[in-house]
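Below you'll find the structures, each written out as structure tokens.
The two complexes that follow have subunit A in common; it is paired with subunit B in the first and with subunit C in the second.
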Partner chain A sequence: MWLPLLGLILGLSLGVLTDIQIPAIYENYLSIAVLAALDTLFGGIRANLQQVYDDKVFVSGFFFNIALAAGLAFLGVHLGVDLYLAAIFAFGVRLFQNIAVIRRILISKWEERHIKKDENTV
Partner chain B sequence: MMKKPLQTKKNSKFTRKQLIILIVCITTGFIIGYSYKLTKNHENRNNSYVEQEESYREDLIHQQERNKELAEELRDLQERLRDYERSFAKDEDKYEHLLEEAEKLRLMLGKIPSQGPGVQVTLNDNEYDPNSTNPNEYIVHESHVFSVINELKISGAESISINGQRLKSNSYIRCNGPVITIDGKHYPAPFVIEAVGDSKTLISSLKIVGGVFDQLLSDNIVVTIEEKNLIQMDSISDEA
Partner chain C sequence: MKKRIVTQMTVISFIVGLMIAVQYNTVQNPTTRDTRDIWAIRQELSEEKENHSKLLSEIATYNEFIEQYKDDDTQSQAALLNKTVDDLKREIGLLPVNGPGLVLDISPAMELVQFGYEIEPIAPDLLIRLVNEIYRYNGLYIEIAGQRLTHRSAIRDINGATTVNGVAIDETDINIKIITETFEKAEKLYGYLYASTFRDDFYLDNLNLRINGAQKNIKIAEVDGPLSTDYLVENNEGD
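Moving on, here comes the complex of A and B:
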């Protein structure tokens, strides 16, 4: 349970402490990569809660989504079309959906536990 | 979309799952942290740019204010200059008059050298006339010199000299037998009277009918009047 959190903190500190400089043009890609990573992460959590989690899907989705988002942004920059907006929109919508699903599952679980408790007490 | 999780080998799957989650979390964290840092750097850079711009703008404003002050000062000074000029213009006529008067007075006093066009009047004794018994009838008297000088002064001569001796305001001329004495110096005939002034006026006033010229001629005096383009007289202080 604490492993993901630990990993997140480790990654955060690593990211803050690294001193790599990338050109300003690629900062757009990074923001999309952030969205993609968050989306995949929440997707994984949801899948886990829905008991449909799969390693390969999760890992491939994580990296593929990031690559796709970056690629879209890249293409958009070179075509003069703001394609990264599409990626942001898609990932944003999915992020909200995932979080909503997670919330519902958690609520239903909590209610189930509550009912069980009530049953136990009664 | 999702495969059914395999129930077999649950233990190894669990650790593998954990590892994958760890890797994904680390990657996500890294991306987020890095992005955060980049954004912060960017903001810092932006802030420094903004600060620089601000300072430049302040400088510019400062300079503009200074410019305005200086422009106002310039306007002030120009206004003052114009005032001066106006007062000058008012007094200019007065000044010019004063200047001319001073110049005239100086010329009259002989304080400055005088030069310019003028006339040269030469008075000489007539040749000895054996028929005449009175030699006074054909020599130049100081009265003749006086009349010439008087005429010259009336007709606007700036300065007058006799035989090179410039006349002052307080000069005196005396008859002293065959010579005349001017300021203590004796001069014999012929007397060369030079006058600086408008030569035409001087000559015409001398030669006026019944004037000095005729008088001198009637007194048997040899008179020659010459118009000179340039007569030069030193200031009296130089001679003294």
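Moving on, here comes the complex of A and C:
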């Protein structure tokens, strides 16, 4: 359970310590890619909690979403339309929904455990 | 099955963490852009070029010395050493020097004298500024009112009198002799001083500064009195 969090911290510290930078013109693409990656990550957690997790869907979704988001942003830049806003909107909404679902599942699980405990004590 | 999920999650979170950190780095320290245009870069290049040629000519001079030391017999080596000593003495002010340069005349502004203005001797601040500018524009040796400037010279106010090397300059009619390396440099210095605001600055102090054209030969005398070297210590570390 704590291993993914450890991975996140490891990645963060590695990135900060090595001081890798990307050219400023690719900054937008990376920010959208980060958003897409976060969305996929929370989607994966939700699917796992709902017992519908499929690793093929998860892994392919991760890379496909990132590529799609960056591609949309790229297309938007060349067409003069801010298409990256569409990606930010879509991923942002899904991120909130996923986190809301995760919260509900965790609360219901916690309540179930609480009720079971009460029954045991009675 | 469960283990596989955790592994995948860990790998993906690692990638996400790395991406976030990179984004953070990029946003926090944007790479500073070189905003110099081609002329600014050329300017810098020409300065470096000048340094380069200066160093090269210095190297050539010293190589020449080395060759002379190597080739010649003992007698001319001694002569060469004496010549070097003389050169050094000339440089620090123990021997008189000749060379191309220019002469500045400072005199009270006549029209002000007629109206009864009191003319005071030149102020040390103004003199120091003039000397600094002369050195900045390739002046080698300077003499102010018969006082040769050396590395130990001080221009300062002592009890209300402007002094150079501790000798008071009471008169308002003085001249400043400057020697430069070449005649071209003397001409350049003349051009610079002529275009500078010094004449206006002197006129503010009721003095006229006349800048005479560059001359082929100017003589500056040696320092008056001994040049004390109390604080210099002989270095006994031979090679």
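Simple rule for what comes next: the second predicted complex is superposed on the first by the 118 of 122 C-alpha atoms of A that agree within 3 Å, B and C clash if a C-alpha of one lies under 4 Å from a C-alpha of the other, contacts with A are read in each partner's own complex, and residues count from 1 in each chain.
Here is the rule we use: a residue touches a chain if its C-beta (ideal position, glycine included) is under 8 Å from a C-beta of that chain, and two chains touch if they have at least 3 such contacts.
This is a predicted model, so every value here is computed, not measured.
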Which of subunit B and subunit C A:57 touches, first, second, both or neither: first
First (subunit B), second (subunit C), both or neither touched by A:12: both
First, second, both or neither for A:79, with subunit B first and subunit C second: neither
Touched partner set for A:24, first subunit B, second subunit C, both or neither: both
First (subunit B), second (subunit C), both or neither touched by A:40: both
Doubly contacted subunit A residues - partners subunit C and subunit B: 3-16, 20, 22, 24, 27, 30-31, 33-34, 37-38, 40-41, 44, 53, 55, 58-59, 62
Residues of subunit A that touch subunit B when the two form their complex: 3-16, 18, 20, 22, 24, 27, 30-31, 33-34, 37-38, 40-41, 44, 47, 50-59, 62, 66
Subunit A partner contacts - residues on subunit B that touch it in the complex: 1-5, 13, 16-18, 20-39, 42
Subunit C residues touching subunit A - in the complex, by the definition given at the top: 4-27, 29-31
Residue ranges of subunit A in contact with subunit C within the complex: 1, 3-16, 19-24, 27, 30-31, 33-34, 37-38, 40-41, 44-45, 48, 53, 55, 58-59, 62
